[in-house]
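Take a look at these structures.
Common to both upcoming complexes is chain A, partnered first by chain B, then by chain C.
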Partner chain A sequence: MIKRMAFILLLIMSFIVVTGCWDRVELNDRAFIIATGIDKDQESGKMVTTLQVIVPEKIDTATKKGGGENAAVQIVSAKGSTVYETLQYIKFELMKKPYFQHNRILVIGEQAAKEGVTPYLNFFMRTREGPERSIILVSKGNASEILRWQSDVKKIPADYIEGLVHGEDIFSMTSTENIHEFMVKISGNTTSPYTSGIEIRKNEESGKEEAKVTETAAFKKDKLVGWLNLEESKGMQWINNEFGTGIIETGYPEMNNENIILKMIKSRTELKPKLKDGKMIMTIEVKGEGNIEELKGNVALNSQKVIGNLEKNISTEVKNEIENCLKQAQKTLKTDIFGFGEAIHSKYPKEWEKIEGHWDDYFPGMDVEVNVKIKIRNTGMLIEPI
Partner chain B sequence: MYKEKISANQALMLVLAGGVGNIFVVIAVPAIKDAGRDGWISVLLAYGIAALIGLTLIQLGKRFPDKTFVQYLPIVIGKIPGKIAGLFYIIAFWVMTAHILRVALELMKFFLPETPSVYVSILMSILMVYVMKKGFEVFSRTAEFFSITMIVLIFILILFILPDLEWANLAPVMENGVMPVIKGLRTQVPYAAETILFMAIWLPCLNDGKKATKALLIGMLISGILLTALVAVNIAFAGIELTPKQLYPVFYISSYIQIANTFAGFEAIFMTLWLSTAYLALQVFFYPPVVGLAQWLNLKDYKPLIIPMTIVIIALATVPSNVIEVLKVDTLKNPYVILPLSLLIPFVWVVSVIRKLDES
Partner chain C sequence: MILQKLIKKIKFQKMMKDKKNSEPKDEKGPQSISISKNLQDNLHHIQNILSSNADLIIRKFTFGKNKTEAFIINIDGMSAATAINENILGALMRDVGKSFDDKELSIDSIKDGALNMNDVSKISYMEEAIESILNGDTVLFLDEENMALQIGTSAWEHRNVEQSASERVVRGSHEAFTESIRVNTSLIRRRIKDPNLKIEQMKIGWRTRTTIGIIYIHNLANDKIVEEVKRRLKSIDTDAILESGYIEEFIEDAPLSIFPTIGNTEVPDKFSAKILEGRVGILVDGTPTALTVPFLFVECFQTAEDYYSGSFLSSQSRLLRFLALHVSVFLPGIYVALTTFHPNIIPKPLLLTILTTRENIPFPALVEAFLLMIMFELIREAGIRMPLAVGQAVSIVGALILGDVAVNAGVVSPFMIIVVALTAIMGFLILPLTDPVTLLKFPILILASTFGLFGIIWSYIFIVIHLVSLRSFGAPYMSPLMPLTLKDLKDALIRVPWWLMKTRPQAISWRNSLREKEDLKPEPPSKKTVGDNKS
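After this line comes the complex of A and B, so read on.
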């Protein structure tokens, strides 16, 4: 009996030892970060970290609208030499421990991105709080402007921006990569990362400031080297097999260039390197199928010939988009954001060994062949024009 | 000493416990460092080779049905060399138990950075001592539970990361010929052979000796395929440049998983996995030195040795001063300690065949 009592006592006492209290952090001592912004301060040469911190008590109130008083976030910012140092200052301001598990967006200022993102990403890869899934955005201008911008629609501005980027994905305007994808590419040393650029623009009519995703930031290794405009971004999505179910808009020459809207139902791109007379040629094979959603003007879609002509037209349009993008990436920016190097590496490992050392010089001069085959599957509910 | 009996199913679970154990956390980095993109082929081959070593061990077991590795070593290769080899085996596993404990603690330190690890290590040791005192049958039964949990959880991790994989990372296969794969075997065969060396001590416990082959082959097949898949997933997920830069690539995978934009934080699954496998691996490594030492000294019972040996383990686990030294031990132990030991098994078998030693 005494033995049993002693055993039970020991069990109860063990609760004191095995709770792990030593390293506890109470929930209300944690600051949940939803978005992070990183800037380089030109004057002092130091970095500025801006955080969007969730204010939990404001999330669930009667008003659903965001902006101003209703915003459920607090913006804090600090200047320092490293990310961790700035977090120390922010800790004093918040009186809470910043916690990155729920971080979803990492905005990097244009200036900081130009000088290389690896030093900043180091912290995010090293911490065990796991923010690797946060998407990276490059802001035109300062990242802190993006973080301080408030949405009318959402209580958490970062939510809105995330939706904006994913929305853009659905309509295939630009592509976005997260920290993990960035790090894989940067450490791989062949393919360079890219991501969406974001800016705050004043709406001419309403006078309100709006967050817009309009261009793609192209990197070389970890440094921002330039931008691809919307057209070129589309071309890049084709090349990277990310177009998915996007929209093609083109004119029809026999019809005074009236617009045709084609919504893709599937699309697929393959990079096929070829070896011709000791020279590498990259072939980009694009195949896709789409439905006509809108057709301005007077075209009767009642013959195979018309459909065929339309298909040809659309294919040429896509080909042009791709070639524009290639021109920008190869001749102007000189950065392999498409994974051409990796494609050659997998297919011609022996030849790749020779090229690998001077890939940066080889890539801009590479010949690229583009083959596009877009099929129209459906014309909507109309055949003849109304 | 061998009143303890285990069933064929328990034998399978023990093979899995040793075959996957805590290896799944540490296997990717050395595999990719040695064999690059073909690391997964190395792992697959290594488990094949280890299964062959296991078959020779079972042949040895048939020749000496009531004796363990430590007991028949002096008979086969001569008294003094046999005793020396046996002692090497015992000490190696003894030290490695401390190493496993330390590796387990290193990961705990991530989550409990300020908690003195000696408390965690003592708690773990209490568990270890308790199970050992209860006997091998008890461990076999817990292994039945934990091995299945382990396999299922690793499978879940692999399943949920599938949408984020880039299979093109695995191409080209064998770009530098077979040599990197062979080089990888140097560290991979020892990982796979750990379970065989553990089997060398428990084989006489199996109630039906004929089932041993089946348990071995199925166990090695499952653990081999699982770990090959895991290394391949690692390469497909983060590539061969980023993965070796990480301390725990599997932890990285688990923290990246997100299902339907809603469920995240799979680190919790990883930690459950980690703690249960740490327990399995500790037992797998601690049982051989305790029983082996008792047999080496011709003692009747191994139980009095448990507590003193555990105290040595707790002390030894504090020796490496930082995580880099811990990893150094991990890379050194494989080619220089476990590899010779695992090659000793086929050698002993060949000698016993030549000398026509058979006690059955």
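After this line comes the complex of A and C, so read on.
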């Protein structure tokens, strides 16, 4: 009995003594980082890390009212040769342990992105408390500008930017990727990542500075090679099967090109590579259904013919968007952001082996066929024009 | 040095133990002495044994034509005075002379023909006489007889049948057991009018001679369990049993476990229900709390009212109680583990709220939790011990004012108050498990704050392993969950309607397990008859 008790006692002691609580940090001792920015300093050639850290005292809650007009974040930045080094300086400044798992956005400055992002992302992927799920954005100009920008709406500016990006997602204007998805694409062979670009613009009317998501940054491997404008971004979303329940805006030619708004309820894109005379042809098949939300023109949607015309018109519009985007990606940027390579690889693994080596040269010259079939499901509560 | 002292101490203790074993036991009262034919001898003897007792009444008298000498002896306050006056003294002194010839006068003829009392028996040993006297009975000694008559006159003041303080119900019987075992057995008999209901009795305790009742239904309860209960009760060799808690600790299966393996109840309807499921009940004289064995873990979640009100709501309440058990044991631990080890799995908006409330708290989360939990235990203890009128003031000052001020002063965070208060309330939901819940909270909190969620998961596994290893009088403690008995799940975490409750719990007893007929589901009369009625 005594032996057994001693054994149990020893076991409990060893639990406490041997393991200990090495990663126990009180909430008060953690600095919760909500946004991170990475820039390249042109003069010194070093990198600059900027962090947006939550300041709990300034957040409104039921128990603490007020807190002033200021944002509830603190901006800290440091210069160094690696991310880790800059974080050491920042730790000094904050007197708290930086905690990245609640980080929501990672903004990379345009200059840093052009030179390749892999060296910066390495730390975030490697660290145990990493922000893999935070979204990557590329800023036009310096990332620190984005982080220092303050929102009128939200106490935490990063919340606003996150909402902005997700909002853009809902309306299918640009697409964003998180760090994990981004790194998967970079470490793959063919497909290159893309993500939303963000910039601070001055509003002409109010004179205030506003954060805007406008274009899509297209990468080749880990280097930024160019931008897709809104139109082309839409095309890219169609090709990548990311359009989802987005909005199509088009005109109706017989009616002075008045605007029609079609909200998709479902859409689906398939990439079907075909081998024809030893050449790869990519077929993009788009199918979708949508509801008419608004129709400015004086059109009565009461016959199959009118609806058919409308559907044909919309499909052409989408086809144009897709082709514009393809042109930009294939001819100008020469980067496979669509995953064509992956599609060929999975369908024609043997042929792929031959192409794989010179895919970068092969991709721009590929023939692409686009088939779009969009249907109108519902025309809303009105049939006759008002 | 310390080691040497320790060894010395152990040796000393061993010595004491050996000494104890060799010592003779305390005397168990007078040795067997026969009642003598000499009345005076008997009187002296009893006066000797029961000397210096102010409440002892000895009434000497003569009766019959021959003026036969006799005396009766009883204890004032424990016996019915009217019965003694009318049916013993009255019968002997007034009536015997009229109807008896003196030749016929003997102890047998008096027993059979003179005493109009229902419980009369002959005794021939002095110790029997003493025991009956102490029990409130009256003993009649006659001259020239080496036997005495024990006449059941025991009647003493006891509490009426009242509502139970601890097990209140809205619907259902409001009666509760009292301190008198006779009243309690009558409460059960009134509910189960089955000749197979057996009430066996024994006495435990050399000094208290407490009456213990073993109650079961002959062809429902497992004979082995009944035998085992008797064996364990018989092996109790102590001087006093004042409450059923004594018995509970003497016959428990796992005396070192903090989980109860013996059920207790204060209400006769719940007790009867358990007997009807094939359990064995133990009543102890002097306490309204009765015991039932075997006791299963799922019984902790059952209340009497579950069976009286609708099955859907009862099932939901049971699931809630199950959830409450987990919350009350693990919530403080989980809160501390999440905030100190894994803030990543707290959703951001919630984290921000916690952050703002915790910002200027001077203590680490563990210390904060400990402070509040101990504070709560103190308030609770004070609330129970204080007289009723003061108790309320204590809980108001303690819970309301202290809690509010502690938050405002920035000593503890409002979140921690929520956590501890929730934990405390949930702990009261499952009455039988109050002990383990209160005890487990603290070690789990420490584990959580040293190992995080890892510690919580390990403590959970450890608790489950312990529970699974327990047995209560042969029944697996965790059944019907583990081992899984599908049939019994009908009355474990949920309760099915009565017309589906076809069998008794299999873990308790396999005998006569069917308790109702098939197809008892109430249904409207067939369509045809409905049509007929309409026309």
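Here is the rule we go by: the second predicted complex is superposed on the first by the 354 of 386 C-alpha atoms of A that agree within 3 Å, B and C clash if a C-alpha of one lies under 4 Å from a C-alpha of the other, contacts with A are read in each partner's own complex, and residues count from 1 in each chain.
The rule we apply is simple: a residue touches a chain if its C-beta (ideal position, glycine included) is under 8 Å from a C-beta of that chain, and two chains touch if they have at least 3 such contacts.
Since the model is a prediction, treat every value here as computed from it, not as a measurement.
*Asks:* With both complexes superposed on chain A, which partner does A:S346 reach: first (chain B), second (chain C), both or neither?
*Replies:* Touch status of A:S346: first partner only.
*Asks:* Regarding the shared-chain residue A:S187, is it in contact with chain B (first), chain C (second), both, or neither?
*Replies:* first
*Asks:* Name the contact category of A:D23: first (chain B only), second (chain C only), both, or neither.
*Replies:* Both partners, chain B and chain C.
*Asks:* After lining up the shared chain so the two structures overlap, which partner does A:R128 touch, if you call chain B first and chain C second: first, second, both or neither?
*Replies:* In the superposed model, A:R128 contacts chain B only, not chain C.
*Asks:* With both complexes overlaid on chain A, does A:P56 touch chain B (first), chain C (second), both or neither?
*Replies:* Only chain C; A:P56 stays clear of chain B.
*Asks:* In the overlay, answer first, second, both or neither for which of chain B and chain C A:I386 touches.
*Replies:* Touch status of A:I386: no partner.
*Asks:* Look at A:Q101 in the shared chain and tell me whether it touches chain B only, chain C only, both, or neither; answer first, second, both or neither.
*Replies:* both
*Asks:* Residues of chain A that sit at the chain B interface in one complex and at the chain C interface in the other, please.
*Replies:* 20, 23, 101.
*Asks:* With touch defined as at the start, can you tell me which chain A residues reach chain C in the complex?
*Replies:* Counting only chain A, the residues touching chain C are 15-16, 19-21, 23-28, 30, 32, 54, 56-57, 59, 61, 63-64, 99, 101-102, 104, 129.
*Asks:* Quick check: in the complex, which residue numbers of chain B touch chain A?
*Replies:* It comes out as residues 110-115, 119, 123, 166, 168, 171-172, 175, 238-239, 241-242, 245, 252, 255-256, 258, 264-265, 267.
*Asks:* For chain C, which residues are in contact with chain A within the complex?
*Replies:* Its residues touching chain A are 339-341, 343-344, 348, 351-359, 361, 364-365, 407, 414, 449-452.
*Asks:* For a test of understanding, state which residues of chain A touch chain B in their complex under the given definition.
*Replies:* 17-18, 20, 22-23, 101, 128, 130, 132-133, 180, 183-184, 187-189, 342, 345-347, 349
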